[in-house]
Structures are given as structure tokens and as C-alpha cells.
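First up is the structure itself, then whatever we jot down about it.
Note that the chains are named A, B, C, D, E and F in the order they appear, and that numbering of residues resets to 1 at the start of each chain.
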Amino acid sequence: MILRLTRRYRFAAAHRLHAAAFSQEANQQLYGKCNNPHGHGHDYVLEVSVAGPLDEATGRVANPAVLDRLVAQEVLACLDHRNLNAEVAEFSDAPPTTENLLRLIRQRLLARWPETLARTRLAGIRLYETRRNIFELAERS
Amino acid sequence: MILRLTRRYRFAAAHRLHAAAFSQEANQQLYGKCNNPHGHGHDYVLEVSVAGPLDEATGRVANPAVLDRLVAQEVLACLDHRNLNAEVAEFSDAPPTTENLLRLIRQRLLARWPETLARTRLAGIRLYETRRNIFELAERS
Amino acid sequence: MILRLTRRYRFAAAHRLHAAAFSQEANQQLYGKCNNPHGHGHDYVLEVSVAGPLDEATGRVANPAVLDRLVAQEVLACLDHRNLNAEVAEFSDAPPTTENLLRLIRQRLLARWPETLARTRLAGIRLYETRRNIFELAERS
Amino acid sequence: MILRLTRRYRFAAAHRLHAAAFSQEANQQLYGKCNNPHGHGHDYVLEVSVAGPLDEATGRVANPAVLDRLVAQEVLACLDHRNLNAEVAEFSDAPPTTENLLRLIRQRLLARWPETLARTRLAGIRLYETRRNIFELAERS
Amino acid sequence: MILRLTRRYRFAAAHRLHAAAFSQEANQQLYGKCNNPHGHGHDYVLEVSVAGPLDEATGRVANPAVLDRLVAQEVLACLDHRNLNAEVAEFSDAPPTTENLLRLIRQRLLARWPETLARTRLAGIRLYETRRNIFELAERS
Amino acid sequence: MILRLTRRYRFAAAHRLHAAAFSQEANQQLYGKCNNPHGHGHDYVLEVSVAGPLDEATGRVANPAVLDRLVAQEVLACLDHRNLNAEVAEFSDAPPTTENLLRLIRQRLLARWPETLARTRLAGIRLYETRRNIFELAERS
């Protein structure tokens, strides 16, 4: 019996969508008002899911405090109350779309996956840019 | 890496649940107060999900404006602020249950799936009749 | 010290906005798609507030079960899963706007205000037609 | 075409997390403030999903009233407004974590799965301990 | 121009409603399942509002960090993850209803209202026992 | 009988809190991470309330389409998907706190209050910077 635990986090950030590969006109058409050169911002909601077997002794699939610390250190510290274009190195040459944010978050979590979460695996990440614009990355099980 | 984008929409509609195959008594037992001959209504919440690879140039899995236009033209235009029994041809001989609505929405989206969404596929549809009555259709991946 | 208790209820109903005093063209302009002759529907959220002093013996301002019964009998029984135009007498010659619904709910509650709620007064009614269309009636204190 | 229906329920309960296998110090470290000997409580949100083919005659995948009755009798009756440690036999020797609650709910639903739901199978259970602490059990399809 | 700032907090607690002034039968009738001797629990949502003039230099009505600290020290520290009957002195002889909780919270906030909030006054407290059971205390302006 | 209509809107914006009157250290202490020189962002939720008598002919207190147009033109056009510090003149010498945003929104609405809303008055404005940081301005009645 594999159980899945999902924890929900929030961060606020500013960004501007602009792709270096395209002309100013193409960027404007592609991203609309999100291409505004002065930027705008969002309150992102992040859900991180881990999956694994039940530990009979503790009655838990994972220690949520460990997952919270991982997300705080590897993700929130570099994204919360930040300007994604100006302050996150990965976005110096890639547009800070929510899709690229998802990929970045996945890389950072996997790179530092702690021993204390070894019985579980990263099962999925969901990122709400707004309530009606939702992005997901499901890991293969 | 396959990403999934979900967009959320709303529509308000009236309906009455009644199946031609059954007697009036059976309909009353089957659908309860939803069988009221004068009808009643709901604010439906619709989530449409598409899945596909990341486009490195744009940093996106799909252009949300294209999906919004498809849903507006093929789904919302015929369902929002409508009486489903009286105004939607598919429900002239099938009860306008949320399950049948899901099937109708899927058919309409696939029938006009645009070239500009060709890199993605319809991955799933979720329809909230109310906050506690939720229906889903998952496409095979 | 006056305390205020608010209880939240839901009902689903169909309606059509149409005012007898105006031409068809004026109705269309006034109510837009809500004037669709076949009707549409909503899931209304109703909040009823009562105010009064604390009863030291029970630690309560009112018995919520009594308020729930009043609202169920006087309001939900005649509005839930109904067609407001066809089934509610007050709307035979007045458009079933949310404002008129509010007035109707207030009249019905006050007409049967029970002895067991005598220590409290009706303090306000709030009606959400949708999440972004909210109507309130505040009683004078 | 397999459809999935999800119904949402709520229950309020008190619990204390404590595992007999560990020392008091280890319990305190493991569960933090949830180990408070006097207990605390939550408003749990439970989502039960069933999956099956569409019944063309009724336009439904399952009769929601049957599922509601099953959940009320087998789950809510023994959990709602209860102290999980003191009143639920399964937790006399296992900590009442949300993971163990999930397993208990699954066992109780499957043990009494009614003939009238025979065309569908239990597809998943999701339990929100709080809005940001979510547990899921997905059945193999 | 008087502005109002509201901050939202959460706490989880167990309680049992029982009034010493009444017989066991009367308690059962008065509080229903909330009278269960083993207790049950809730996730309370607390909103604290302060009102005052705009400080032109800071562009603020109050420093939210100061209010957060006051609420954390005077309210959350004694209520979060607690059993209200067993661990809060005020409820040794008064039932821990949400009304009595509101009064307790008001007393504790006013008793330690800090100099750094002197330009504002406590304007109101709202406490959600559940999403549909809401209690408010408005201060006279 | 005075009724109150509230409409809800959303806008996304970037901002940085910094007050010219204070040193860099004082700004850092005053606004914390909101003082980050690169800025960050939010999805604001705006509620605008109008109050007035019921118009018996239309069954309405106000035409919501007129209010929506006013808010779109006077508020959303200059705030949505903007950098408040760089693009809104009022914030060239005042920090773009939510309190100052409230005042700005009130001024802009009152300056262009249309004849078609003459039977109602602006009754209040509420602005959610986040779900737990809420600001209100109540007009005198």
C-alpha cells in the first residue's frame, strides 16, 4: 500500500515573461500583458507530493517537518519575495514561466533529497500561478 | 519531461434530471429533488487539462490563450447561462447529468482541437457540479 | 457585550431575469444573458446573522439548531432545487433578482421568528449569487 | 470510457499522536505539538472517489445517495465528533495519524461495498488533515 | 480617513461542550454530539481587526509584525494544539463555546495591547469554528 | 431598506515597499523582505461595495455592468499586470502599501462616479493583499 503525502506552500514573486529568441513584437503577441517590461507579480501556491509505504512504527509515510525544511531551504529561500528575472540565475536566459519554475523546483528538490526521506520518492509537483492557471509535473511511478 | 497545464472556467446553467426510459416514480426515486419538473440550476466549475513537452523557446507547454478560445467557443458559448434540457440538442433524449456533460465537452473539444495545440493532447476534464460533487474523465496517456 | 453568530447555507435554483415593466429589448439590455427566456441557474450561498448578549449559563448567543430549523423551513424548503420564476409566488410579478430574494428571505424569517430566538435579533443577511456577486441587507442596530 | 465521481465529506475529531514503540522523548521529537497528552483536534475533509463506465439509461456512473449512505454508516458514524484515541478501537495500539485513518477508512468501505455500487470500484481516497496537509491512497486501476 | 487591517490566523484545538449548570440530559439536548464526553476538535480560523488613521510616513495603519507577535504570544500559545477543557483555566468552570473563546481572546489582547499599536484600536474579532459557524465581536467605534 | 452590492475583482502587480523618509536600515526593519530592492508581487483581490435603495422596476440596487466598467477603466487598467513603483504616478513618492492602494482606488472611483450609479453611493472597499492580510475602508453612512 503506497500512500501519498502532499504539503502546500506559498510564495510571492515578481516576474516578466520575455523570450530572448523572439522579437519585441513576437514577445508582445506571445505573452500579452505578462510581457510588460516593468514586470508584475503573483502569489504562487506550491504543492509538493511524496509517495511511499507506511512506516508501521510511526504511522507515517514521511516526516512532514523534514519535507518542509527541504522546501524552505531549496525553494522558498530563493523564490519568495524575489524578482525572478533579476534574482534567480536560471532565468537570466530563460523566461520565468511557471513551467520553467516547475522544472527548477524539481531539480533543486532532487539535488538535495535527504537521507531522512529515503523511504519515499518525489511523486509530483503542482504550481498554481493563479487559481485558474495550474501546472503539474508527475513523476513516473 | 511531460508537463500538464490546467485552466479553470465557470458557467451557470439550469437543468432537470429526467430519464425517458423510466416511469415518473422511478425518476423521482432515482434523481430525488433534481427531478423537479420546473428545473433548478448550478454554477459549474470546469477544469480542462492538456499535457505535452516543454517548448524551450517559449518556456511553455501550450499557449493558454488558444485553449481559452477553444473552450469559450466550443463549450461556454453553448452551456453558459443556458437551460441544458431546452437549449442543448444532445440533451433532447439524454438526461443532462454531469457525466453526460463531461462526455459532451470532451467530444466538442476533440472535434475542433486546433493546429496550434498540436504539440499537446487533451489530458483530462474535471467538472464540479457543486463543491462536493465532482466528476472526472482521464484520457489514456 | 453583543455577539454575532452567522450560519452559512446553500441552495441551488434556476431563474430568469425579466421585468414586466420593460420591452423585450430593454430587458435584454438590462439583464444581458440573464434574460435568456429558457433560464439558467446558480448555487446560492446564504449567510444569516443574529446578534444578542451572551447567555452565561450555556455560553452561547443562540441555539444554532433553532436557527437552522427556521432557515430550513422558511427559506430552503421553498427555494432549494426550485425554479424561482415558476415556483415562488412572489416572483410571479417581480424579477427574481438576488436583491428581491434577499427581501423575500428577510420577510419569511421575521414572520416566523421563534420564541426560542427571542433573546437575539436578525442582524443581517448576505447572499452570494456567485463568488463575485454578493448582496447584503444590514438591520439597524 | 471510465468516469470518476468524487464526493466530499467533513468530520471533526480530537486526537493525540503517540506511538507506543518509542520513548516519551522520541514521541515529542517525532510528533512535536501533536504529541500534547491532552490532545487537540481537526476538521477533516474526506474525498471518496469511485470509477466505472457510464450507465446510459441513467446518465450516471453511480448513485451518489448510495455512496453517501455507505460513507455515513461506515466512516462518519464512527469518526465524526469523536476522540480517535479513546473511541476508535483500531487506535488503541496504533497512533491515529492521517495515514492510519486513510487505511481504516479504506478497510471499512471495502468491507461493506454494496451490491448497488457493483458496477464501480473504489478508485481513491483523499483526506485533508488541514488545507496544507493532504493524504491520498490511489487504488490500482 | 480610518483604515482597518485584518490579519488571519489558525489554531487546532480539542474541546467538549458541557455546562455545569445543567443535568446530563439537558447538556445532551443543548449541545448534541458536541457533548460527547471524550471530546472532539476543530481547526479554528481567527481574524483580528485593528482600525486607525494612515501613518503618512510608512503608508501603513499598523505594523503587522507587531500584531502577529501579540496574537502569537497571548492567543495562539495558549490555544493551538491544546485541549480547551483540560488546559485553559478559563474553561474549568465555563463551557468552551466559540462565544466564550471570543471573549477570552478579546480580554487577552486588550490586557497586553502594546505601545507600538497605540495609534490603532482593536476593531473586531471574528472566529470561524467551521466554515459555516462564524462568531463575531465588534467593538464600538 | 438599503441594500449593499459587492463585486469582486482581481489584479496582479509587482511592488517594493520603501519609504523615502527613512534610512535603508530603517526601511529594512520596517518592511522586512517586502523591502527587497528588486521587488516581488501579489495577486490582489478587490471588493467594491455600493449601497442604495431597491429600484422596484428592475429589482436591482445598481447595474453591475456599470460598476464593472468603472472599476475596469479607473482601477484595473492602471494596476493590473503593472509594477506599482515604476508605473503608477502616485507611488513615485509614497510607498505602494495596500493602505495607499486603497486610498488611490477610492479617489479614482469617486472622481469618475457615473450618473448611472447616482442612486447609490460607494459604501466600502476591501483589498486582500493575500488571504491573510486584508485592508478595508468603510465610508460613513
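Quick note on the criterion: contacts are C-beta pairs under 8 Å (C-beta built on N, C-alpha and C of every residue); 3 or more make two chains touch, one makes a residue touch a chain.
These figures come from a predicted structure and were not determined experimentally.
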Chains in simultaneous contact with chain B and chain E: C, D
Same vs different contact residues, chain B with chain D, by half of numbers used: different
Most widely separated chain from chain D, with each centre as the mean of CA atoms: F
Chain pair, E-F or A-F, that carries the greater number of C-beta contacts: A-F
Farthest-lying chain, centroid of Cα atoms versus that of chain C: A
Whole-Å separation of chain centres (CA-atom averages), chain D against chain E: 30
Contacts with 2+ other chains: residues of chain A: none
Touching pairs among all chains present in the structure: A-B, A-D, A-F, B-C, B-D, C-E, C-F, D-E, E-F
Chain E-facing residues of chain C, complex: 1-9, 47, 54, 56-61, 63-65
Residue ranges of chain B in contact with chain C within the complex: 10, 12-15, 33-34, 36, 38-43, 80-83, 86-87, 130
Chain C contact footprint on chain E (complex, rising order): 17, 19, 21-22, 30, 32, 94-97, 99-100, 102-103, 131-138
